[in-house]
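Read from first to last, the chains carry the letters A, B, C and D; within each, the first residue is number 1.
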Amino acid sequence: MVKDLSVSLCGLRLRNPVIPASGTFGFGLELADSMDLNVLGGISLKGTTREARFGNPTPRIAECTAGLINSVGLQNPGIEALVSDKAPALRRIYGGVIIANISGYSVEEYAFNCARADACPAIDILEVNVSCPNVHGGGMAFGTDPQSAAAVTKAVKAVTRKPVFIKLSPNVTDIVSIARACEDAGADGITLINTLLGMRIDIKKRKPVIANKMGGFSGPAVFPLALRMVYQVAHACRIPVMGCGGVARAEDVLEMMMAGATAVQVGAENLRNPTACPEIIGALPALMERLGIDSLQEIIGIVA
Amino acid sequence: MVKDLSVSLCGLRLRNPVIPASGTFGFGLELADSMDLNVLGGISLKGTTREARFGNPTPRIAECTAGLINSVGLQNPGIEALVSDKAPALRRIYGGVIIANISGYSVEEYAFNCARADACPAIDILEVNVSCPNVHGGGMAFGTDPQSAAAVTKAVKAVTRKPVFIKLSPNVTDIVSIARACEDAGADGITLINTLLGMRIDIKKRKPVIANKMGGFSGPAVFPLALRMVYQVAHACRIPVMGCGGVARAEDVLEMMMAGATAVQVGAENLRNPTACPEIIGALPALMERLGIDSLQEIIGIVA
Amino acid sequence: MEKRIFTIESNEPVARDTFRLVLRTDAPVAICSGQFVDIAVPGYYLRRPISVSDVLPDGVILYYKVVGEGTLVMSGMVPGDTLELLLPLGAGFHPEKCVSDALLVGGGLGAAPLFLLAKELLAAGKKVTAVLGFKRADEICLAEEYRALGVPVHIATLDGSAGTKGFVTDAIATAQPVFDRFYTCGPLLMMKAVCTTLDAPGEASMEERMGCGAGFCYGCTLQTQSGPRRVCADGPVFDKEEILW
Amino acid sequence: MEKRIFTIESNEPVARDTFRLVLRTDAPVAICSGQFVDIAVPGYYLRRPISVSDVLPDGVILYYKVVGEGTLVMSGMVPGDTLELLLPLGAGFHPEKCVSDALLVGGGLGAAPLFLLAKELLAAGKKVTAVLGFKRADEICLAEEYRALGVPVHIATLDGSAGTKGFVTDAIATAQPVFDRFYTCGPLLMMKAVCTTLDAPGEASMEERMGCGAGFCYGCTLQTQSGPRRVCADGPVFDKEEILW
């Protein structure tokens, strides 16, 4: 029996729910030679700020059990390069959903960047990152408090007609109150989770592995936490959720969807296996067959 | 060269910093036949409430990548059984530091239980659990807010002369503010972390693996997060920290100590390997030799 | 309880999704019927509890069904591979409480732990009858091994593809075995039917997801007539009166 | 860039803590000097980047030093074991930019990628001199292999246990080699000394902790004269003028 992998996200049809997560797939272009990008349901691009950024000092990467810490610190070429160069170039070779991941240091910068992205026809969805733990003063602070998350959402919604997903931080006491605040402020969807603030120490050198001491921890290790938050938010909000965090195989995609995710992002796993996404997508039909699932759309949030 | 594994914790001398974490070593007695308990630096006993509790329905355990979710829900025989039976029985066969782990449903219950534990000569340290994610209305709520954590601390300090460690939850936005509130309220030390709220779904059965849906996630997967919190709290407070979360080998003990922990608790790892603690302790001297460490006390918080 | 490395002597399919695993170690093994081992499967965090079906002077024989990832990995292991086991675990059956005639009622792989019990009962001079239930004929295992001991075996299958069509209780009703005590292991509903219909004293082996498998994490607690009991340490075998069905 | 399974043909210690690893696969391998492979070490989350020291029609030769857990696991692997590699990765050396005489300056295992470069240069008719620095005599590796190619090799050791006592720069000062271009790989401080003292054009192979190893995670970025560059994809080899020492 033919399996229907497609899902509908804010009126957009994704051929399948699998999307490389922001920051773990560059601007898509870097991987165009290594795989057929067009098998991907969507692509979330590297987080972009108004100005180009070098990011944090290196080392930016630390290995962990079943995951890694990154402290890239939003290295990016700036919003103009995104809208005039990167996104259009990707659109020329990729027919799926293109998600611009937008960061900022102030509510105004978020709005400015989103307005620019709104004007770029190559971009389908805006994913507003209020959760980057790697940048001082920007990012995560907005995502740790319902009022500021709502303020960013409102400002951004005012400047765009494209669907806006707010990407939330797991480093919070009450994820539901923040997601609800975003929904009430007009968000079209929620992406979660971003990375957890983590740290490793090199016991030979007696210093942190990461130059910036701490960084964002993700990978299969965080899956149970991400799944819990996806479940909580999907059940507390009416808007769709893109589930993210530790997804590494087809089974994880189904688990996230059963918890309530409409689409599923794959992050760290791309770093250790650049063809993780096509492999996961390729494994879905047989797994669905084994579990008696004909259409993925059916299982979204099936766990009460 | 002989290695000095001993550490000093609130004036108590531990022969080494390795302590089985509460809930993962019963009341110690259960393991007396399987190992020489006296190699352990200390033992943190199963969390105890005023009344005996059955705990949560089963399944209470779910496997995860590099960890597990538990939803035991504070099954325990009650404070009277602890002070009149369990702790004295352990004291008869164990010479190290005995830590009573105290829970409660109200500030009054915490104080009541601590007063009872204070009167029990077998108990050396009170570890007050304001962070259990598995019990409604009790536990975690107290640990997610500086005021209530401080209120519990104050109430408990008023009824005991024994050192009081407050055991904090990682499910919070700002661990430092909570730790500081406990310190200001008179805590003698901080234990962290307790488990992260997590979830797994059985994709065959399309329902949560855990009867209670969610539970406390721990194991090697959470180590980078625990290490970060230990580092933050150890650097923000003057009172000692017992580091806990994902410790599975001698290397992890040193990493926790370099981050600032004076003692290190081992939780989930005991479940998959009941002799984890003696094995870790056994591996410490050779590891110290390789790294040029003569005394563990020296490396506490050595990473600035 | 101790941790020990065993070497796989053989690991063969014997019925639908069912494997017989023979493990050897370098020292004597002491374990009784109804007790279990907890197997560290490479790559998985928790151990897998499996009942002991037979004891060798320096080894154990286990039967396991491939139901998930860990047992799937186990099914791919080959002779010479090693496994780390925790054993002996749990409180097993009480063959000594049988006066003269025992009835063993197994459902599916419940037949496995009852096999070692049969041997213990026979060694103590008791008479033994086995009633084994399976979904279908291709799942039957251990029946010949019981017969080789001289134990009469009555089979029930749900689809009637072998023996009595129906449940073990149907096969018991048909066979009318003589017994003063029964022992059962299998799916919960089967054991409930057996324990609530047979009116001799009896024991049932319970199952629960486990953390430590050794009595100190309270992950596997069962509410019983006499209060909370750990399946891994106070059980897995309980008197039928203890169980709150 | 692709993922491919290789089989270990040999994995032998050749110097203090240093192993030579010969890997074979089932199809032709195309990779150039200065490029690297990224090895999935069983049990570890991230891959380990290792430079290619020589190319076989259907394989690669790598040299690695045991410095941590991943390389320790690798050192325990035996012929017949398999490894999954990502390759080819990175932008390598530019042998074509050498006019006639090349100087290769290696520090420690920096000698490894320069070996494949030496072969490429010789094949293009260039003359090659190698200066290799090590901490002590028992760490020397690849010197004989260079000599077997006909390349004159000058050794420097920090403790004077072999060759010139001191740094590679001391050995260069002593040997006074003729060259119009140099290529260097080794510890950062060594490369800095080489790049800032030699006044021919030159290239250096940089090292950084990596996430993806393939240019899309921005984990390995180096600030250069011409802006941020990814060590894994824009490098690891950079013109000496690019590097902000």
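Odds and ends about this structure:
Simple rule for what comes next: a contact is a pair of C-beta atoms (placed from the backbone, for glycine too) under 8 Å apart; a residue touches a chain by one contact, two chains touch by 3 or more.
Because the structure is a prediction, the values reported are computed rather than measured.
The set of chains in contact with chain A as well as chain C comprises B. On a Cα centroid basis, the chain most remote from chain A in this structure is C.
Inter-chain spacing, taken between the CA centroids of chain C and chain D, is 58 Å.
Averaged Cα coordinates give chain B a centre that lies 36 Å from the centre of chain C. Our note on geometry: chain B versus chain D, Cα centroid distance of 47 Å, whole angstroms. With centres defined as mean CA coordinates, chain B is found 34 Å away from chain A.
Contact with two or more other chains is made by residues 62, 64-67 of chain B.
Taken as a contact graph, with one node per protein chain and an edge wherever two chains touch, the assembly forms an open path, each chain linked only to its neighbours along a line. Contact between chains, as defined at the top, is found for A-B, A-D, B-C. Every residue of chain A that touches chain B in the complex is listed here, in rising order: 62, 64-67, 69, 144-145, 171-173, 196-201, 203-204, 206-208, 213-214, 217, 220-225, 227-228, 231, 246, 251, 254-255, 258-259, 291, 299, 302-303.
Those residues of chain B that touch chain C in the complex are listed here as 23-26, 30-31, 33-34, 46, 54-55, 58-68, 70, 72, 75, 209, 219, 268, 270-275. Those residues of chain C that touch chain B in the complex are listed here as 1-3, 40, 44-47, 86, 208-212, 214-223, 228, 233.
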